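The following blocks contain the structures, represented as structure tokens.
In the two assemblies presented below, chain A is common to both, partnered first by chain B and then by chain C.
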Partner chain A sequence: MFAGRVKNFCLLILASLLIIIAGGCASRANTDKIRLEFWTISLKPTYNDYMNGLIGRYEKLHPDVELEWIDLPINVVMQKLMASIAGGASPDVVNLNTDYALILAQNNALVSMDKMVPADIRAGYFENLWEASRWKGESYAVPWYVSTQLIMYNKKIFKEAGLPEAAPATWDEVVAVSKAVRKKTGFYGFMPAVKLINDWRMNGVPVLDESKKHALFDRPEAVAYLEWYVNLRKQDLIPAETLVLGYQGALDRYQAGSLGMLITGPQFLLRIAKNAPDVYAATAVGPYPPGRAGIVPVATMNFVVPRASKNRGKAVDLALFLTGDENQLEFCKLVPLLPSRKKAASDEFFEKGKGSPLEDDAIRISVKQLSYGRDLSLGVKDSNNLVRILNQAVESAFYGRQEPAAVLREAAKQWDEILGGN
Partner chain B sequence: MREDSNTTDDTEVRKIRYAWKILFYLALAVIGVFALVPFVWLLSTSLKSAGNVFRLESLTDLIPKPLTLSNYIQIWKQIPMMTRFFLNSFIICFFGVFFQVLISALAGYPLARMEFPGKKLIMVTMVATLLLPVEANLVVNFITIRAMHLYNTYAAVLLPGLVSVFGIFLMRQSFLVIPKDLDDAARIDGASEWAIWRHVLMPLCGPSTAVLTIFSFVAFWNTFMWPLIVLKNESMYPLTVGLSYMANMFSSDFRLVAAGCLLAMIPVVILFLFNQRYFVQGIQGIGK
Partner chain C sequence: MKKIFKNTLAAYLFLLPALVLLVVFTLYPMIRGITLSFYHFNMIQTTDAGLPAPPVFIGLDNYKGIFGDPLFFMALRNSLLYLLIVPVIQIGALVIAVLLNRKAPGVYFMRTAMYLPVITSIVIVGIAWKWLFVSDGLLNFFLVDKLHLLSEPVGWLTDRRIALFSVMLVTLWQGLGYYMVLYLSGLQAISPEHLDAAKIDGANHFDIFTKIMIPLIRPTIMLCVIISCLGALKVFGEIYVMTGGGPENSTLTMVYYIFVKGFNDFQMGYASALGVVFAFILGIVSYINFKFFREGGLQYY
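Up next, the complex of A and B:
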């Protein structure tokens, strides 16, 4: 009797499972239109209106095309993309940061934008951004929205520390401010996201030789930048958990009102305004101090077209539409970001602002930095592996286990081994 | 005189024992507080309406002023599909847990009770699959799912998780500790292997089944990356994926995130409370 009931129950479950499977297979509407699938990173549902507006406009301009928009969190996008390409279900246009784009370009998975995009359209993008995704002489991504970093500082903490209400203009001043803040208030002045490659490239210290087969950072001028961080830690001017918590740790501390300065992009003002309105009210912004090479880092979001796309030409066209001047400008009015196209960036909006003083300041400063900004992604094969080796080296020096010069010598040796194989 | 010293000895011993007990409970209390603080912070954040959610200068900052449930309501306003996401997670968990427990129990039985050639090899092969990194499975599983025409179905989300090596070993282990005499007695009474499994062994494996139920429920409930890879329709996304909608690329309201996390925790907590008694026994049984 009981066994019978169990059997019935199992049958019921199996039947419902079949129904679920069948339900998922429900046939799609058959159309003669070309379907283009494009992916973005974490824009749903906040920017649905903006994106749906773009989709509507594109489909109107191209009645033969049907767009399918998929939005993914950043930590899934690469895995899904690689699985999709391998599984023969590649999307047509994908939103990726420069690091990811370079990894795929190095694996010959992307369409070359230098080949696909006519020179006159290419010229409309900032050259420094277009070149960020360059691998073996060709660019593989169409730059979309970008952001340059700023120094945000907490006026209340600066006042307590007896400092003038102004952001430090050089890195020496950043250290001096941090000393004052630490001494007078007990808070830390800043908490850097340690990226030695950026520091070197910003200051004109070569990371690799011309052939990109040898690491050059075992020289004293490169070691000095690691020593800078190690000394900051020794003097207790940056928190011990700097390396472990990274940028997120700095953001949390700043939002809690216990960090003097935050080095970040203007778009993070939105987050601070929501989660820490009192800190937002006390925040002011200043430019990011450039390195000796006169450049500042830029973070770029791009669109790429996988070689596995069945409609490469149409896909590139869509990428150009999505990053068009007007469409980018409209997006920048929603989020404090910068466009990758010169015409959009020269719009008076970036000078006038939208009536929110702090964000307007941030954007005004940020857009000026665009012309001397560089995406400092490394652009060699296995770059994530190389970065990991370097981070381990930084760690042993930071916690005083080994001397900076020794760890970098060892890391350079490991880099040479990996790069030599390229 | 001697009696006297005995009683003082006794009180001394008792005092020391009390002191230890107090210390022991104090230590437990400290561990308890440490474990609870993140949870309390989450709860307090989810009930706050204004002010800085990251500022924690004194314990009174934990008391939301004014207290509000608006964040919980706001979740549904911002993400109207939330109810659907909950339902999807329940569907995935229900089938996932049922089949995982069933398959583990059925596969564990011969490994514990029968002798056949290749048994060792099967066990070693199963353990070897644990060594494969998730990424290696991902692409193969994706290609398999597409070849089976299951892309964008609940079945695609479920299939790779249905067989759990951990589950099979857990069930095998719990069958092993049951005396074989019970099987033999049932066999003399004419019971089939199926009947022995169903009516003799399974009823004695309550604790292990409870442990496996909770573990697999939590695993299916928290599944995040795989559903995003094999699903296309938002209306089929599980809750974890839905929660990620509360933080976009540029901003996130931590109060909403906190409220969403707490809501997502409720089913797991309820399941644990119902299974708690068995769960502890089951966990103790694993080491046997």
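Up next, the complex of A and C:
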């Protein structure tokens, strides 16, 4: 009796295992097509229609290829990618910002786009964007969409503060506006995302020496930029949480109608319109004040192909398709971003706009800024670690525990140790 | 003999699925982590052929690095400080459990309300508390503007002397309900005769609580203390969502530091070594717990 039960039980387990294994095989065996897996960042579900349209068109053009689209939030994409590469199940095409692309390139994890993409196609992309992912003389990413930063401001708050309805044109004016807003309304004028490396590079202050082995930001001209933030905090012109909450904190405050200005990419207009229609209605936009070097930062989203991809050639082809002129233009019509290809950027759409005054303004300003925009990624090894060291230094000075000059001197010393070892 | 074999065979078959999962997802990563701690391993490094670059054996270098790493000691200190939450959360949960262990109107509602934070995602909890904690947030608004208890707002998340305790407050708020339920089940297992007998002997509420209830739920207390010690030492979600280890590393805890080393700096070998050292420390803490709770009382374990 009991033996029979045990036997039945064993059979049951065996059968279940077989079914599971068979199921696993079936899902892999039902096609001879080449399967390409590509990852994007934060596009689902808003841009499902657009992406599915692209996928459909590509599969029609390439009947031998089957695409699998996976969308991830930006803060997990590197972890997933690391695990996938180490686990031998790499995706074929991955959407990454330039910083991440450079980290992977430095670890030999990406295929060189300079080698894989013919010169005539390469020439169609803006040179400054193509070169942003350069490591040891080769570029490792195909630029996709681009955004430059703008100043969005709340007209209602400006009016209450007795300010004219115009965005400040220089950083001194930004401070002056913030003083007025803080004094008259009690709100903060702005809440910067503190990125000293961008500030230095925008203003022509060298971060590293020629050999990229020594940090130069312990010089007084570099220290001045940290002092600028520290003084803003001392005068209570920016919130104490500026460093802890970062950009998300600024966006939250702006959407709540309690921040005078938001420094952001134009694509966030859509989010503000959805989350805070009142604030959107009171919002106007102005250009991002350039630094002394006459440039503004540009954020680029790229496609990269991991070396671990089993179909590198096809993967590069897919990256070029996704960033093609027409496909980029179609995307830019949906969301106020800029294309990375010259032909797409010269389309009259970017002059005429789509009839939504605020977004059209944002786009017009962005296009103009693109000509003097640079991707300011540092392009050195261990950049994550270096940035973390610098951020700690900034925190020590910001919360008033140490002098800016002293913390930057210490940070520069730590950078030298790390850079010297490369 | 044959019968015993058949009996145990069935038992092992029932255990098999769980054992397989345990081996694959716990035992293997553990052993792999220990071996990796002797290697330099960067997960994204790839060979020209597109294969993951093999780890490089470096002996004890990772461990030597740890003991010269100021951030390790900072993280260890913060993690050990986090243990302060254990007595607070346990006493709090026990008192609430005793108060809610009776038949009175609203008790079921209170129990549910206490348990609600437990099942709320830490991401949502973290974001909500971040809003409460900001310098012009609700908490400061009450303390400064409404109740006039303080003259200036507290930097809950920005003052490096306070930030860790602010995060602990969130853990406390979220964890109370969990331990309350465990204590409630322990209290309800106490046979009413013990309590009645005590009452007949003239014991007051306090005596009943300290002399009858506490000794009888000692196993539950031990379980809760061990779980919450390990939970406190392993805290991650709150830090990840709320402070990112800042300001000035004042909320950098061990598990968060391991995460940063592994996934931010890509030093998997070093992160594994940190993990091994920390596992050792966790082992010591658990040993002390067992030792402490074994003395006296009922020896169930």
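Everything below uses one rule, namely that the second predicted complex is superposed on the first by the 393 of 422 C-alpha atoms of A that agree within 3 Å, B and C clash if a C-alpha of one lies under 4 Å from a C-alpha of the other, contacts with A are read in each partner's own complex, and residues count from 1 in each chain.
One rule holds in what follows: a contact is a pair of C-beta atoms (placed from the backbone, for glycine too) under 8 Å apart; a residue touches a chain by one contact, two chains touch by 3 or more.
Model, not experiment: these values are computed from the prediction.
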First (chain B), second (chain C), both or neither touched by A:44: first
Which of chain B and chain C A:72 touches, first, second, both or neither: first
Chain B versus chain C as contact partner of A:278, first or second or both or neither: first
Contacts of A:308 with chain B and chain C, given as first, second, both or neither: second
First (chain B), second (chain C), both or neither touched by A:80: first
First, second, both or neither for A:88, with chain B first and chain C second: both
Partner chain in contact with A:414 - chain B first, chain C second, else both or neither: neither
Touched partner set for A:335, first chain B, second chain C, both or neither: first
Which superposed partner A:257 touches (first chain B, second chain C, both, neither): first
Contact residues of chain A, present in both the chain B and the chain C interface: 3, 6, 13, 79, 82-83, 86, 88, 252
Partner chain C, residues of chain A touching it in the complex: 2-3, 5-6, 9-10, 13, 78-79, 81-83, 85-86, 88, 90, 103-104, 107-109, 239-241, 243-245, 249, 252, 306-310, 312, 382, 384-385, 388, 391-392, 395-396, 398-399, 401
Residues of chain A that touch chain B when the two form their complex: 3, 6, 13, 16-17, 20-21, 23-25, 41-47, 70, 72-76, 79-80, 82-84, 86-89, 252, 255-257, 267-268, 270-271, 274-279, 335, 337
Chain A contact footprint on chain C (complex, rising order): 6, 9-10, 13, 16, 42-53, 130-131, 134-136, 155, 157-160, 243-244, 246-249, 260, 263-266
Touch list for chain B against partner chain A, complex: 50-56, 78-79, 91, 95, 98, 135, 138-139, 142-143, 146, 149-156, 195, 198, 224-225, 228-229, 232, 234, 236, 244-245, 247-255
